[in-house]
Every structure is written in C-alpha cells, then in structure tokens.
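This is the structure I want to talk about, given as structure tokens.
Residue numbering begins at 1 within each chain, and the chains themselves are lettered A, B, C and D in the order written.
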Amino acid sequence: MTSPLRIGAVGLGRLGRFHAETVAKHLPHTELAAVCSVVPDELASAKNHFPNASGYADYTEMLNTECLDAVVLTSPSALHCAQLLQAAEAGLHVFTEKPLGITGEECQNVVQQVSAHPDLTIMVGFMRRYDPSYLEVKTRLDAGDIGRPILFRSYSVDPETCIDGALAYLPHSAGQFLDMAVHDIDLARWVLQSEPRMITAAGGCYAHPEFAAHDDGDNVAAFMQFKNETMVFLLAGRTAPHGYQVETEIIGTKATLRVGMTPQRNLVEILDAHGVRKLCSQGFLERFEQAYIAELAAFVQCIRKGKPAEVTVNDGLRATEIALAAQQAFRDRSSSSEPA
Amino acid sequence: MTSPLRIGAVGLGRLGRFHAETVAKHLPHTELAAVCSVVPDELASAKNHFPNASGYADYTEMLNTECLDAVVLTSPSALHCAQLLQAAEAGLHVFTEKPLGITGEECQNVVQQVSAHPDLTIMVGFMRRYDPSYLEVKTRLDAGDIGRPILFRSYSVDPETCIDGALAYLPHSAGQFLDMAVHDIDLARWVLQSEPRMITAAGGCYAHPEFAAHDDGDNVAAFMQFKNETMVFLLAGRTAPHGYQVETEIIGTKATLRVGMTPQRNLVEILDAHGVRKLCSQGFLERFEQAYIAELAAFVQCIRKGKPAEVTVNDGLRATEIALAAQQAFRDRSSSSEPA
Amino acid sequence: MTSPLRIGAVGLGRLGRFHAETVAKHLPHTELAAVCSVVPDELASAKNHFPNASGYADYTEMLNTECLDAVVLTSPSALHCAQLLQAAEAGLHVFTEKPLGITGEECQNVVQQVSAHPDLTIMVGFMRRYDPSYLEVKTRLDAGDIGRPILFRSYSVDPETCIDGALAYLPHSAGQFLDMAVHDIDLARWVLQSEPRMITAAGGCYAHPEFAAHDDGDNVAAFMQFKNETMVFLLAGRTAPHGYQVETEIIGTKATLRVGMTPQRNLVEILDAHGVRKLCSQGFLERFEQAYIAELAAFVQCIRKGKPAEVTVNDGLRATEIALAAQQAFRDRSSSSEPA
Amino acid sequence: MTSPLRIGAVGLGRLGRFHAETVAKHLPHTELAAVCSVVPDELASAKNHFPNASGYADYTEMLNTECLDAVVLTSPSALHCAQLLQAAEAGLHVFTEKPLGITGEECQNVVQQVSAHPDLTIMVGFMRRYDPSYLEVKTRLDAGDIGRPILFRSYSVDPETCIDGALAYLPHSAGQFLDMAVHDIDLARWVLQSEPRMITAAGGCYAHPEFAAHDDGDNVAAFMQFKNETMVFLLAGRTAPHGYQVETEIIGTKATLRVGMTPQRNLVEILDAHGVRKLCSQGFLERFEQAYIAELAAFVQCIRKGKPAEVTVNDGLRATEIALAAQQAFRDRSSSSEPA
C-alpha cells in the first residue's frame, strides 16, 4: 500500500477549519500533516484539535519545513494565486477555495504557469458540482432531458443575520458578483457548456448603504445571454430574512429543473399559528456540508490516480472574468442617467 | 321557457345565509322566494338583504303560505328529518344540510317515507363530492389509477380559533363523529363503494375538558376496515392551531392520492423569519365555497331534469349510522380498563 | 330599484364567451342585452346560448340599435382603441380586454379622449389584480410587510400544447411582451407603484423558429430597473411542457412573497412511479376564472357607484408602452454583435 | 492517547457492509479488526475490501481469536439475542441492529442478563433517533412546542421494487410490525415518553397473496392509545409505488410536526409532462445514511466515555413486545367475524 497523502491546510477560519477536519477524519489514507494561519487564535485552536499536525504562522516556512504532498488553500481570496503558484513550483498538488483570484490578470497568469505542471492536480473549490442535487441536474441536462435550455436562473443570497461579517469584509471584497455569484457563474458554465456573450447588471443598496461606498450593492443582479442563446439571470445578495437562499432553475423546452427553491434544512414541516412552514438552512456549511467533503475526496482521488482536476484553473479564471465583467456592468449602469 | 324554481331557504346562520345567497345570485332560473328562521336578527337581516323574498319565523306557515318548488334546509341537525318529511309530503323537492339526522331511527324513517316520492329530488349536502380536488380523486379511483385501495385516511379538524362556537354547541352536539367526521365517512363510502365491517375508536380531551361532560373528546379518531378490505382512519378534532385541516389520503397498490395536506388558502408563499410558509384556510366556507355553490346547482339540475338526487337519503342514513357506531366505540373504549 | 345594466359583449372567442356568460349569470342586476362577433359560428352559438340577447355581426350597428349602458370588448387587440372611443362617444361605459392598444400613439389618444368623459367608467382588463393571491401580495406590500422591494420577478409562459394557436396568431401579434408579459408589467407597476428607468431584453427561438420571421422569440425576457431602484425580471414564453406557468416573486428586505411557483390546478397530490407530483393548470381560464368574474363585478360596481375604473386607461397606456420598449430592446439586442 | 477501539462487524449484507465501512472510515480512533459472515461471497468481498480486517465464518471463533473491544451485529434477527449475550459475557460492548429479538422472552432474558454488565455499552440500532429531522422533532416536543400530543402517526412502507427481497425473507419474518413498524414504535415511545394501553390492528394482502400463508399482510396498520392518552396510528407496508415512504406526523394542541411527508431524495424539482414533481428515496440506506453513521459514532462515544447506551436493551425489549402485540391483534382481527 502507498503511504498516506500528507496535506497542509492553509487558512483556518470557519471553512478552512472544516476542510482540515475533512482531511483529518473523512479522507482515506490522507494525513493532516500541517495547519497554517496568520491568526494566532485560529492556529492555536487547530493545533490543539489536531495534535498530529504541525502548526505554522508562515506559509513559506510550512512549505520549506514539511514534506507535503498537497495543500488546501482557504486563505483570503487575494492570496490564492500567489500561494497556489508557490506550492505548484514546490511540486505540490493544490486545492484552492474559490475564487481562483480577484483579477483577471493574476488568474490568467496562474493558468499559464500551471500548464507547465501537467503532473499536478490543481483544483478550484466549486463545491456545488459535488452536491447530489446539482449532480442530478447536470446528469439530466447532459442526457437531454430538458431539451434546449432557455433560461438559467440562480440566486445566492446570504441571510441578513450574517450581515455584520459581510460589512466587516467590505474593504477586502471584490464585489458581490465575485464573492457570491461566482458559484452561480460556475454552475451556468458547467451545465450549459457555453460562455456569455452579453452581460447587463443592476442592483442597489436596499437595506445597507455601506455597500455604496465600495461601489457595490447589498443586492445585485446580472442578466446575460450565452453563446448557445440560453439566457442567464443571477441574483447575489446579503439580506435574506429567512436563511441561505441558494436556488437554481433551468427552464428548457422539454422540462424545467429546480434546485433548492425552498432551502429547507431538513425534512421537518411545522403547522402552527404561522401557517404550514419549513425552516431554512442558515449558511453554506449547513447546506453544502456533504459537498465540501465530496470535493476534497475527489481532489484526493485525482491525485492518487494521476488525473487532472475535475474543476480546473481555467474554470476559476472564467468564473472570475465573468464575475468582474458583471461587477463592471453594475458599476457602469448605476452611474448612468435615466434611460427611459 | 319554464318559470323559475321558487325556493325557500330555512335556517339563516352562516351557512344558511350563504345557501340563500347562492339561490338568489348564482343559480339560473331560480328564485329565492322565502327565507325562514326562528332567530329574529338573522331573519331581519336576510329580509333586508333579499327584498324579493318573504320572511317567515315559522316553517309550517312558510310551507302553507308560499307556493314553493323546493326548500334548502340549513336548520339545526335535530330538525332535518321532520322538516324534510313535511316538505316532501307537501310535494316539495328538498336539499338538506348534513347530517340527514341524529339517530339511525329517524334516518331510516326518512329513507322509508321518501321512497313513496320517487318524483321528488331529495338531496343531502355532502358538498365535498362537488369539490374539484375530490372529484379528481373519485375519477382516478374509478379509473383504477391507484390500483387496489389499502388505506383511506381523512382528517376534519376545525381551527382552535373556532372553539367557542364548538363549546356553545356542545349541548346540541351528537358527538364529533357526527358533527365533523360525517363528511369523511361519506367520502370513504363514495370513493371506496364499500361499507365498514369493523370500527374501533379512541380519543380524549387534550385541550378542552368540557367535552368530557358530554362523553365526547375534543379530538377523536376511528379505525375501520371496510368490506373490501380497505382500512380507514379518521380524525375529527377542534384544536388545529393553523387553520381548517381537511385532508384525505388514499394509499393504493399503484398510486397514492392526497388532497389538502397543506390547507393553503391561496397560491401565496411567504419567506420570512418564520421560514418558508403558506397560510391556511380558516373554515369550511373559505375552503369549500365553490363546492357549496356547485352542490346547489346540481340539486337544481336534478329537479329540472326530473332525476333522483346524486347524494341520496340512503347516503345520509349510512353516514349517520357509521358516525354513531364510531361514537359508540369511542364511548365504550374510553370507559374500558387498560388492556396492555 | 334601478333598472338592470344593459351590456353588450363584443368578441365571442373563448374569453369573450366567458365574459358574456359572466354578464348573463353572475352579475346582479345586469343584463346581457347584445352579443357581437364577426365570426358567424361564434355569433350563432352565442345567440343560441343566450336567447335573451340580440346578435350583431357589426359593432356600429349594435351601438346604433341597442340601448346599451356598457360594452365589454374582447375583440382583437388592434380594434380595442377604436371600439373603446366609439362606445365612449356614444356615452357607454367600457370594459376592454388587455392590451389597451398595440401602439403607444393609439393608447395616448385614448387617454386624451377619455379625459373628456369623466362620468364614464372605462376599465382595462388586468384581471390578476382581482385574483385572491395577487390581492394578498398587494395588501402585504402596501402594509410594508416585505420591507423595501429588491427584485420583482414574474413569468408568463403558455403551455406548449397551445403552440398552434400562438403560431396562427403570429401575423397579428405585437410580440411576446405585449401578448403575454403585459400582465406582469401591469402587476409590477401596480405593486411597486413605480415606473421603469432601464430596460434590457433578450431571448430567442428555442423550439419554434417561426417566431424569428416576425422578429420575435418563442421565449423572451426583460430585465428592468424601476425608478424606486427595484429590479424587475420578466419572462414570457410559449413552450412550458407542464402547464400554464404564471408565477411571481417579490423579494424584499424583510420578506419574500411568491405566487404560483407551482401552478397546481387543485389540492390533489399524486404519489406514483413518477414521484410525488401535482398536476398543473393548462390555461388562463382555468387559473384565473374567479378573477375574470371579479373584475367584471368590479366594473359593474364602479358604474353603479359612479366611480372611475380601478384599472385605468393610463394603466393600459403604460403597460403597452413598457411592453413595446421591451420588445424593441429585444429586437435591438438580437441584432447586436457579440459584446463579450 | 488511548489505543483505537477494535471492532468486529458481524453480518455483511447490505447494511452490515455499510456498518463495517463506517467503522473503517468514519469513526475516529476505531479499527475494523474483524469481519464475520456465514455467507462465503459476502465474507470474501469484505476481506478484499478491508485488507486490515481478519475474516471469520464463525462468530465464536472470531470472539475467541480476536482481541476485540466491541461487536456490531447485523446478523439475522433471530441471532441477535444469543450473539449479544455471548459478546457481553466475553466483556465486549455490543451494538445490535433492530430488532433486539423476535420473541418477548428472549428480549426479557437479554435485559436481565445485561444488567449484570453495567460497565458495558449495549446499544440497539434505532437509527432514526440520530436523523436530524427526528432529532428536531424530539427537541421540539421536549420543549413543549406542540403542546399536548394528540395523535402520533407514522408510516414505514418499502417500495414495491423491493418486493422480491421481502417475499424471499418471508419464511424468516416475524411479521410486518416487527420487520418494519418497530422503528415507528420506538419513535413513538421515544418522543411520547409513554407506553401503549390499547392496541388494535388490521390489514391484508392487497397486492401479494403470499403474505397470507404466513398469517401476515403486505400492508398492515395498528391503532393504539398510549397511557398519556395520545393516539398512535402506524402503517407498515411493502407496496409503495414511488419510493421509501417513511413519514411521521405528530399532531399537538399547539402545533403539528411532520417529517418526510414527501420522501424527496434531494432538493431537485422537475416540471414536465408529468406535472411538478420530486423524485423519492428508494430505501433505508439512501434515506438514513447519515443517521446510520451517527448512531455508530454515538455508540463509540458512549464506550469511550464509559456511559450507558442512549438506546437501551429495554428500548429493544419494549419495541419487540409492542410489535408482537400488534401482530397478534392483526391475526386475531383478521380471523374475526364481521362486527358491523
């Protein structure tokens, strides 16, 4: 038997810690060899929780000291590209959280550099592709079940209860489309196998004027048409009163598929003075827990089998480019005079 | 063209008034000739609202004075049989609200007496048979779509908000099974085309001890098996916190049909801090408004075409008998010692 | 008591005949005095069905001959404006089906002319405003229940089973936005109390290339932003495989309201080899039957009380103007070169 | 750090193999030390799949040879009690699949014998207690959210597609109530914290006469009343056309809770010629995969912390006794003459 894969987990916030836990507990023949964070509390907590993993505050030091096979990057978005390239040059496989990067240029550079390492598995974390519901949608589209796709509509709206985090993150944000809608953009490209040829956007600050100072909105939407004629409508927002609204609808000439119209957290229904109701998921970890585990399992499988990643840096590049184009369309639109 | 049917509406409570309105407004070639109630306020209000109708406090006087073609009885249940027979003997067609009567004997007497008037349309008001959802269920069962029926389950639970009315009515009540479940019993007989061969019942006073003094419960249930082997489970209650829960499920070997699992009052869905929810119908008029109109339209059609009623006095007799048998089973059971 | 309102029904196709039936049967103190159609079969059938109504093949002759109080116009869209003005000049109240007209100019002319007849009730048939579900939405928005509206999304998609009728109508069609989305446009204006300031559109011929010859699509969508910042997304189409998909969603900062996401035809649910499912409404009369009756009842009420119409010619004008602007945006867009 | 728990998995059918996989992959500090089956193919396949585990065809030999800490019994129901006692006497912790046993006597014997081993964790596999939906129900009941429970209704109906397996198992079956409804019985006891005082049953062979030869039905139901007055209605069957129908409803005086009314397999909804529909789970592993993992994790946790099991042999005893009482009631009833 081969020796276990030695993995370093970089970034130990909520999702980073979850990824570390997945590596440590759920992946066969995989070892959480190192954890890395510049946040002292997060690092201390992780070292305590994963006694077999070494702890690092410095990424370069980790790469130099540990004999790792792969890294899992859950660091701030602005660091993804540089850390990815550093690891690849050290011969490590890389899983990076979305987005691949926050400018088109740095993503293009990654795509180019990575082409020199065909032996490495370099994967971007679009975990929805590993969710059973979205997998069924993909299978049905590929099978032709819905006929020709007419409209792809997808929402990613965070619960209002998380607004403080979103506001705190504003100085680092590259905008709602890159922060939130990048998943929907990846889904659209993945299931439609096409690229946008027209992008319009609008939105505003409906509840939180703070976003305006960053030339952004608390809710923004983009309307696109892809080269295969499919229309795409995306909504990204921060103010859902009921929970984490990630829903997708694909209207085709033969059938319509919907995912998550009611973001129910489980199979319980309550009948009381408020009516007949379901309670909702409150965030990405609650909704996509199994998908996050499945994507890392897929990453490890690809490494073991020497296969390229299922979600590539080119997917990361395109998602970032389209998100930024939508963000630009939003900014152009919002400064325009009244056309009608 | 024939002259309009002259109809007298008897009993002018909430449903009686609605029936009068239907006769006056929604039935072609029909005339609300008279209204009758022993409740002075209700009578006065109706006379004011229907200026073309004569008003009577006395049923016999109405029959003797007016030249009526038919009566619609929405009087107290204990009066149905006597009023029905009086009208039939006067040569009038009769529509009576459920139940046909409150003892098996008086119902049997009606069935016998009515057989002497084959020319008259005598109809019992099981309006659910005229509801589009229940009609679809009936059509599908008759077509064999569900295969062999295994379990027929039906609930009739009034909203807790109506409890004061139910408590006030207690002295006149013949029990939950006759007051509430009689509709479910009729549905079971109608769609299954079979009769019970075993009846068990249970229940209790879960919220309102007042029912115990009348040897009844605020929620009661009956478990039956019909001669065609189908199991039947009925729940009748008074304490629904969310609305008027009338739901029916028929599990068959090839398909299951459900009606009204969520008693939604319209097509609106609300997503807010309470989750994703639908608000509910709050009573029989809200849920079955169109069915109440349709049953009177059917009654008038039968009269015009000289056809026997679609819901017969025998249906009324059987529903009462089965409801009373369930009530008796409940009373026997509740006094029994603990069997296990 | 006043004498009954004498009404003439003009246009006797499916909906026109239904309006005639409503006048004849469901409206108190109202008389269907005349029916008018240039289609001999429809006229003959209506005369037979409504023996008390006079029949006319010529609209002007009807106006000159009959002593009418009002007309209900269900004629082809291109005739609405002229027939409306002719009736108004004759001193008649007018109910016209949507759209008010097919060009902005003729609608503006109507608005101007009609201002000379403040005593007349001139109403446009946006029946959704009389649907209980949409009424609840309007009430909740006006009460502030949903906070500030962020996105108004509304679909009107006819079932694929009706495609032959849509194709036959193509030579007379002013485009999908005017034929189908005009209802959604009216809803948006009605509930948002605002007007669009930006309109984009896209679409295509996904199943039926015949629409391209008329510079139209079988499915088209418009993305707007209203002056109050609310985003509006509308889809109009002809290819729904499952039924008549009229759904509306209004996402607000405090709540989201949805109407008709599942266009269920009744309260029946089926569990069989196809899963757990609901069957769907197949057309506007099935979905909006009660709303069509209610709008005519409101029209008659306004006449009796000498009140202006609840849905005005200005509403009709604006809906047509916005629909035509969307249609133009679609045509401009579809001829543009690939922007991305 | 303590050394890993060494666990032997006994019985390697579909669920047994899944339990072995859970021990091997998902439980921290746990080792699948041995696998045991009398079915040569299953044993060979498991040995191949789990190379670190020793394989045994003989249970006693496994106990004597391996130095185990615990066993997981997924053997035929008739063997549970004997194997449990043998392991307990050898000082091993035991997790046994439901039912604890197939006669009241053998279960009572286990309860008595096990009391001599308070240091051992002996747990019965009622996995629904570890399902997030049922856990929410339990929490809400304990918090008093639903008020006083009126009716507990629970269905366990296998898909018709699995009927061959059920028929093949008939010679070993102790009846539908023990095979299927034992989970619902445990749920009722768990959430109601009460025991039945009345049990009635009925049922029949609606699709598969083969069950009659074993004095059983393909669908059976029991109606109970518990000592706390709550009514309980259970349905156990084998003929669901659409999937694995495990649903539970608890009607209370303040709220009703429902679990799994639509046994949807994921969050996808399909709109096509069949209507608007969700596809369904097809079996217990698909529906309860996470619960099966969670119950073994809880078992291991109890062992490590030296705590008694959360689901005890007394729970197993009572579930078996009640199931057998219902089975007896069914058999008595079905032979009775027609009571009504």
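FYI, contacts are C-beta pairs under 8 Å (C-beta built on N, C-alpha and C of every residue); 3 or more make two chains touch, one makes a residue touch a chain.
Bear in mind that the values here come from a model prediction, so they are computed numbers and not experimental data.
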A-D or B-D - the one linked by more C-beta pairs in contact: B-D
Most widely separated chain from subunit A, with each centre as the mean of CA atoms: B
Interchain centroid distance [CA atoms averaged], subunit A/subunit D, Å: 38
Distance from the mean Cα position of subunit D to that of subunit B, given in whole angstrom: 42
Subunit B, residues touching no fewer than two other chains: 240-242, 254-256, 261, 264, 270-272
Contacting residues of subunit C [partner subunit B, same complex]: 25-26, 28, 51, 132-133, 136-137, 254-261, 264-272
Subunit D-touching residues of subunit C, taken from the complex the two chains share: 240-243, 245, 262-264, 270-280
Sites on subunit A touched by subunit C in the complex: 147-151, 157, 160, 195-200, 202-204, 206-207, 219, 221, 223, 225, 227, 229, 231, 233, 235, 237, 239-242, 251, 253-256, 261, 325, 333, 336, 338-340
